[in-house]
Amino acid sequence: MTATPVLETRGLGRRFGGLKAVDDVSFSVPEGQVLGVIGPNGAGKSTFINLVTGHIRPTSGQVLIEGRDLTGAKPWSIAHAGVSRTFQIVKPFRGMSVRENVAVGILYGRKATSRMSQALEQADEVLAEVGLSRLGDRAPGGLSVADARRLEFAKALALRPRLLLLDEVMAGLRHSEIEPSLELIKSLKERGLTIIVVEHVMKAILAISDQVLVLHQGKVLTAGEPRSVLSDPRVIEAYLGQRYVQRREEGRS
Amino acid sequence: MSQFLQATIYGLLQGGLLALIAVGFSLVWGVMNVVNLAHGSFVILGAYVGWKLNSAMGLDPFLGMLVAAVVLFAVGYVLQRWLINLVINGPIFITLLLTFGLDLLIVQGMNIVFSADYRSINTSYAGDSLALGSVRVPVGRLLAFVIALVVTFALVALVNRTRTGLSIMATGMDRGAARLMGIRARHAYALTFAIAAALAGMAGTMVGTVGTFNPAAAGGYTLLSFVIAVLGGLGNMYGALVGGLLIGLVEAWGGQYLPGTWVNALAFAVLVLVLVFRPSGLVGRAYYAARQEV
Amino acid sequence: MSSEARTEDAEAIERAATGRSAREPAWRRWLPFGLLLLGVLVMLGLQSQLYSGQERTVSAIFMFVALAQGWNIIGGFTGYASFGQVVFFGIGGYFTAVAMSHWGFNFWVSLVVSGLVSAAFGALIGLPLLRLKGHYFAIATLGVAEGMREVVTNVPQLTGGGAGISVPTVGKDATTHYLGNDGFYLLYLLVAALSVLVSILVARNKFGFALRAIHQDEDAAAAMGVNTTRAKVSAFALSGLVTGLVGSTYAFQQVTIFPERLFDVDITVLMVVMVVIGGSGTVLGPLLGAVALQFLSEYLRRNFTEVHTFILGAIIIAAVVLLPQGAVNYVREARQSGEWSLLANVRRYRL
Amino acid sequence: MRSKSKSLSLVAVVAATTLVAAGCGSKGEKTAGSGGGSGTLTIGASMSLTGALAREGALTKEGYELCQDKVNAKGGADVGGKKVKLDIKFQDDTSKPDTAAQLVDQFNDQGVKLILSSYGSANTEAQASVIERNGQVMADSAGADNKIFEKGYKRTFAVLSPATEYAASIIKSIKELAQPQPKTIAILSADDGFSKTVAEGGAAAAKEAGYTVLPTQLFPNGTSDVSSALTKIKGDKPDVIIGSVHLVEGVAIIKQAKELGVVPSGGFGETVAPPTPDFAKTLGKDAENVLGSSQWTDSTKGSDKYFGTAKDYAKDITAKYGHAPDYHDAEASAACLALVLAAEKAGSTDADKVRDALAGLDTESFFGHIKFNDKGQNVYKPMSVIQVQNGKAVTVWPTDSAEAKMIWPGTKQ
């Protein structure tokens, strides 16, 4: 394919002392696709996101966003380049109302406005998208787990991103709560957003990913179309474990 | 040359004393993330205890400092257990302010009780000095230096080897986990603070023996403790020792070779540079570097 | 730290109450400015009621209002506890003294330039120091302030060193004639009003959002496109500007200034005490705190000549233990939760 | 937002009302406290009772209090033919110049025009400029730095000899009495304005006396570690070490000189440290034979109707405060005395009249001769040089009031 990918990494790596948290990761995400990233705990998934979003400087390799080399750029530059992310541990601005939380992204995001009232109005729109309208005046401290995750979503969307990185947005959610977020991601995809989803919830990965990337001990174990990747014996052995296979067998018969 | 040697000896001896003052400060900071602005007033309080015992009943300060240690231990325990623990979870300037209030209280209290007159503990021997060639080694400071080293090492041993010590460390590293292990954080904290106060008290008595003191002198020792704790890496007790000696030398040499009183600026310059370029301290990494509230 | 989190939650309830909806009526947007104006007018009216010396006493209150507001920008909104804030006071004061006595500047020029110089200094030391967090930042700034005092002491040919430096205020070499207590009352009132105005603007505009975001979570703020470095440095410079202006005014009022006083750590501590007791991160808190504490210490000094600092220490301790979140925030929370008991309040930070 | 604005207005009101209240409060004071004419002679005194200068501040207060007692014991001062009681209002300036100046202004509000100075040159200097502006009058008991008197102030009068005399008088006494005569003199000085002026005065006098003077070594004001300054001069083997110091640095010099084996062939001279009883108390036998200079000793010549002689004064202090008189006590009492005598001479408590009376004052007192030059300094009173002998400070110079012979050399090799 000729179109420049939204995100491309070349031999991206980061070592902490002796440990290689992320090691020589190269791949690319084409426009409008959803990439699922899986791997056991400590496989380097979050580090990988932090490298892409500039929260950690890579020790080797490159990060290209829509062809521009943004290796080692500061988080805010990355954000202005159209990449936004959620945090695995939600990071709401506790001193502010939910609405104001989102407004920050609108005031400083890619299409930044500096008119306060305008920003707050747009914030309400974003809250509506993720279904938090009714909570605009509340303090984030009081939100339920699900709503807190929705707020992370809203804050990320407030930047009007082209690429969205979701770091375990479904962790700790009940099944009933997972559905709506899946719907949300799908709708975003339909709007042409490119999305990277880091998840443990296989169901979610299968449901939404066009491609899946498996990290293991910082390296790319394999990548490709979801079902084939998930049935790859190395992946099963490294990550999913036998029980998962058995369940799938049972599921078939 | 002999000038340089003299300055070096003197700096080292002074540094040992400073280390003893700072090690407790550093421990408190490391374990409970409290910067105790009243630390210097503990030093002076200790000096007064030693002075009273000496002037009232002629007790030798190097014995008196043990009493000072006991008294300050009690004071420290009470303050932490029933006062500082009340705000220990607050943002940093809350604890800073509380200890500042304490400092006002103690210093002004000493002013009222002992008056602001300068005091000094007199011994027949502390002022004498051994002559090594052209260089003199003052007896009192030498004694203080040796004691400072011994006590510091004893403290390290206590913290690393005994159950109490371990409980303190554990609480410092992860209060939640420590509680699960059945350690009572309040008690552990109070102990830590008490130990720090006791050391400050001992050091104070020695300060009073080799020098002069009055309540107003408290602030200076708090500041020095800052510098040394940061140099050594907070909570790192050996670090505090190295930091103390280093500051002692820096000031002695600076005093020799810098014009005017530029030497005063030196300590702070070192402090800021270390913070900017090596925030975890010069000596390895601080035990509690992870606890910088990042 | 989880403890931090718990405390933030409490603040959250309160601050959320102030969360403005998009459809805020215009008159409310202008209310704070109106009230500020009203306050200034009241103070102007008050002047006629005061003896010259009382004017000076009240001027001291204005001075601390401005100092507290200055600290609040970096310490309250941004959450970086600067314990060397007095360095801006000192630099502002000494620049004015030196400019007026050596370089023949008149006061008004010196005032403005002193402010700018302090701001520049803030930016300069901000770049390296603002990478430090919590206590480390606090102590680094403290070190800068103490160090700067020694520097000033050691260049006597310029600053007069420990012997102090005098601004020419009478005779032919007086570049600006001394303002007298009436004049300084107005000048300090102006500076105080300015500081409050700055504070109001910061509290409600885009910049203030960035600072509050940084206070709460710096990573998240950066991820949302806030150039945290620029925001923090600007905040530090801005607080330096305000503090420097006060220092400059102080130097001219004192005529003769000394390093020990101009870089006196007690001044920093007073700023912090005032902000914390009043309520940090709010516009009103520092104002209240400064007024209250100045009245209190003045009253104590007059009536307990021997033991007033002792009492002040006790009061600070009590205040910190009972009202750790500051009066303003306490009232707001209490309004929200209906929990007015101070004892319940103590639990918040208790071990 | 709402709560914010509400309370904001609240503050404005609260502040306003409280301030107005304060205003009225002191309006009351004004009528009560104003000195002019009424039955009392009211004097305002801002003291350093807390903070860095608390010690000297306390002594100064003693001096002012004793003055009040003495004058009132005689039924008060005789102003314009009628006896008026002396009423000194004390306020704490917490050792801070700005507060000291502010207090002078506050006294002015209350109609208190006659002021007794705070302790130390910094505070006094800050006060002097305000005094000048308010048309008050100040008797300066402790601000000796000549700098204060170079400003052309007309309303501040210092009873004490100027700073330049402190070290110079020691040099003069050595020149006159010391046998064998020293050759090299080293001067160590604290880095505050007063001490530096003292050191300059000393150096000048020493050069004039034909001694070799080593470059002055500075150390921080109030430090208890002067080792580096001592190590620097050790090599040059000075015959006399002069310290321009306060008590704490003075003690440090003697202690650490011993530790470092710095032993001048002649002896030590340390301006104001040795005269204070604490000096000998703190240093024990090491204090022996150290020279010091004092504004006053109990053998100072002269007497006056309120305090009698210096010896009487010493008795009174000891009786009232249970310690031997410190020269700070005497300075303070003398300043107070000067104001009282001036008021009597003027026959009025009016500031301008008292000022003129002070300018023309020329009298003997327990403190020695009190007479001011046109700058307001008392240059007519010689300073006494004392020496610690057997744990007690005794006057050795000027010889006409000496209690003992100067022991020289003061140090045993």
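Think of it as A, B, C and D in the order they're written, each chain with its own count starting at 1.
In this text, a contact is a pair of C-beta atoms (placed from the backbone, for glycine too) under 8 Å apart; a residue touches a chain by one contact, two chains touch by 3 or more.
Note that this is a predicted model, so its numbers are computed, not measured.
Peer 1: Between subunit B and subunit D, which partner chains are common?
Peer 2: Common contact partners of subunit B and subunit D, which must touch each of the two, are C.
Peer 1: Report the most central chain, judged by the distance from each chain's C-alpha mean to the global C-alpha mean.
Peer 2: That would be C.
Peer 1: Measuring between Cα centroids, what's the chain most distant from subunit D?
Peer 2: The chain lying farthest from subunit D is A.
Peer 1: Quick check: how many Å separate the C-alpha centres of subunit C and subunit D?
Peer 2: 36
Peer 1: Report the inter-centroid distance (CA atoms only) between subunit A and subunit C in whole Å.
Peer 2: 42
Peer 1: Roughly how far is subunit B from subunit C, centre to centre by C-alpha average, rounded to an integer in Å?
Peer 2: Averaging C-alpha atoms per chain gives centres 31 Å apart.
Peer 1: How many angstrom lie between the centres of subunit A and subunit B, each centre taken as the mean Cα position?
Peer 2: The computed centroid separation for subunit A versus subunit B comes out at 49 Å.
Peer 1: Listing for subunit C: what residues touch at least two other chains?
Peer 2: 20, 24, 153, 306, 309
Peer 1: Scan subunit D for residues touching two or more other chains and write them down.
Peer 2: 50-51, 191
Peer 1: Send over the residues of subunit A in touch with two or more other chains.
Peer 2: Residues of subunit A never touch two or more of the other chains.
Peer 1: Which chains are in touch, pair by pair?
Peer 2: A-C, B-C, B-D, C-D
Peer 1: So in the complex, which bits of subunit B are touching subunit D?
Peer 2: 3, 6-7, 10, 14, 108, 111, 115-120, 122, 127-129, 131, 136, 138, 140-141, 210-217, 251-252, 254-256, 260-261, 263-264
Peer 1: Enumerate the contact residues on subunit D facing subunit B in the complex.
Peer 2: 50-52, 54-55, 58, 191, 218-220, 222, 224-225, 227-229, 231-232, 234-235, 247-248, 251-252, 255, 258-261, 278, 282-284, 286
Peer 1: If we count contacts the way the header does, which residues on subunit C are in touch with subunit D in the complex?
Peer 2: It is residues 17-18, 20, 24, 28, 31-32, 35-36, 38-39, 42-43, 45-46, 49-54, 56-58, 60, 153, 160-164, 166, 169, 171, 178, 180-181, 250, 254-256, 258, 260-261, 264, 282-284, 287-288, 291, 295, 301-302, 305-306, 308-309, 328, 331-332, 335 of subunit C that touch subunit D.
Peer 1: Write out the stretch or stretches of subunit B touching subunit C in their complex.
Peer 2: Touch list, subunit B to subunit C: 29, 33, 35, 83, 85-94, 96-98, 100-105, 108-109, 112, 176, 185-186, 189, 219, 223, 226-227, 230, 259-262, 264-265, 268-269, 271-272, 275-276, 279, 292-294.
Peer 1: For subunit D, which residues count as touching subunit C in their complex?
Peer 2: Against subunit C, the touching part of subunit D is residues 1-5, 7-9, 11-16, 18-20, 22-23, 26, 30, 49-51, 90-92, 94, 96-99, 101-102, 105-109, 122, 125-126, 129, 133-134, 145, 147, 151-152, 191-193, 196-197, 221.
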